[in-house]
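Before any comments, here is the structure.
Chain lettering (A, B, C, D and E) follows the sequence in which the chains are written, and residue indices restart at 1 in each chain.
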Amino acid sequence: MRIAFVIGTAVATIKNEKLRGHKLLMVQNADPSGKVQGEPFIAVDTVDAGTGDLVVITEGSSARQTDLTTNIPVDAVIIAVIDSLEISGETTFRKE
Amino acid sequence: MRIAFVIGTAVATIKNEKLRGHKLLMVQNADPSGKVQGEPFIAVDTVDAGTGDLVVITEGSSARQTDLTTNIPVDAVIIAVIDSLEISGETTFRKE
Amino acid sequence: MRIAFVIGTAVATIKNEKLRGHKLLMVQNADPSGKVQGEPFIAVDTVDAGTGDLVVITEGSSARQTDLTTNIPVDAVIIAVIDSLEISGETTFRKE
Amino acid sequence: MRIAFVIGTAVATIKNEKLRGHKLLMVQNADPSGKVQGEPFIAVDTVDAGTGDLVVITEGSSARQTDLTTNIPVDAVIIAVIDSLEISGETTFRKE
Amino acid sequence: MRIAFVIGTAVATIKNEKLRGHKLLMVQNADPSGKVQGEPFIAVDTVDAGTGDLVVITEGSSARQTDLTTNIPVDAVIIAVIDSLEISGETTFRKE
């Protein structure tokens, strides 16, 4: 699963009806210290994540395995908000 | 899901019969301000998107989860037309 | 779906028995004007495409959604032969 | 399947409930001699792997084919701990 | 499907039990003349391929569509051994 940073939101009035009520968040890959990199993309939120959170993103058919996203045309979903990352015994990220 | 810009259309007379009646749009990844980048690809339209729209694209098996694309051999579908993108409280894109 | 150019063929005597009778074509990504780029890969043909054709390729589980490829271990299939591509009202490719 | 090195752990209190009890490990691609490269990501452990292990990672829907991950929204799972890698008759990696 | 070169083997004592009895081969992408490039990865063999063979690799859920890999957590499988590749009427690779 990708480690990504929630950077913003997307608003769409015209959309597939299965998406109604779902929050579309803009996310961007993050390195282990929480710095963003690469190209932003959109993920559906399932854990009440907000801008500024470092999150775990599941992609592909597995994105449809949450109760909120069953049978919905989404390929990326936020499944966790990261509290901390530890590499070789050293904490590289801690949620403020 | 990818954020992409609809840049054109593809016409194909010889095609899998399950594709008949489907609009094949050419799309290209977009950065948060709506500038295109990267290599164009083709997505099936399900929300009456047109050239110039910034859209949300679902890929993989999830692309078959709309009523229009069930059991069809497509791996990318347009599921929403973006009205606006907001990053850190600032609107980076707004549909004209 | 990718836009690709059919560049050649692969011959394989030793293969999974579900592949018997399927044509293995070598394809390579194409830009909107039909110029090839990137690394070649192999796709199963379902529309009688030939070397020189610009085609549409579906990947992943969706590649198994044609009548010819149901339950077959293939992850890329040619689903259409492109007649023309149009970008912003200008034809960038037309089949000869 | 990717060859990756386990480099650390992620802690997340707020997460999809299907993830409870699962160990989220940070992993990073490895070259044949075991040197890391590229961007870290997160995989669920199913074989009691630990930091410092070189492992095999299965992605996509196949990540849900272990007894521990059935119907769970994860797209990367550790399925083996590598003892050794051999290239052209030469051992390029051996677990210490 | 990718065109890849079998470059070696991986040995793993600790692994998911569904993998027991499966040969884990190290493979690396190949260009049309059979030269390797890019990062090695691991594929399960289903056609008795060996080091030095140029092979066809199916990835994703389609990798579980062979009789040997049904319901197994693998995302890449060797489905054919390539005899020859032909580009624009010229043979670019022939198995020795």
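In this section, contacts are C-beta pairs under 8 Å (C-beta built on N, C-alpha and C of every residue); 3 or more make two chains touch, one makes a residue touch a chain.
In this text, all values refer to a predicted model and were calculated from it rather than measured experimentally.
Novice: So if I look at the partners of chain A and the partners of chain B, which chains show up in both lists?
Specialist: Touching chain A as well as chain B, we find no chain at all.
Novice: Any chains in contact with both chain B and chain E?
Specialist: Under the touch definition, chain B and chain E have C as mutual neighbours.
Novice: Shared numbers divided by all numbers used: is that above or below half for chain D and chain E, i.e. same or different?
Specialist: The interface is built from different residue numbers on each side, given that under half of them are used by both copies.
Novice: With centres defined as the mean C-alpha position, give me the chain A-chain D separation in Å.
Specialist: Inter-chain centre distance comes to 20 Å.
Novice: Taking each chain's centre as its mean C-alpha position, how far apart are chain B and chain D in Å?
Specialist: Distance between chain centres, rounded to whole Å: 33 Å.
Novice: Give me the residue numbers in chain D that touch at least two other chains, ranges are fine.
Specialist: Residues 60-61, 63-64.
Novice: Around the ring, starting with chain B and passing to chain C, what order do all the chains come in?
Specialist: In ring order, starting at chain B and going to chain C first, we get B, C, E, D, A.
Novice: Provide the residue numbers of chain D that touch chain E in the complex, in ascending order.
Specialist: On the chain D side, the touching residues are 1-3, 29, 31-32, 37, 46-49, 56, 58-66, 77, 79-88, 92.
Novice: In their shared complex, at which residues does chain A touch chain B?
Specialist: It comes out as residues 7-16, 18-19, 24, 26, 39-43, 51, 60-61, 63-64, 71-76.
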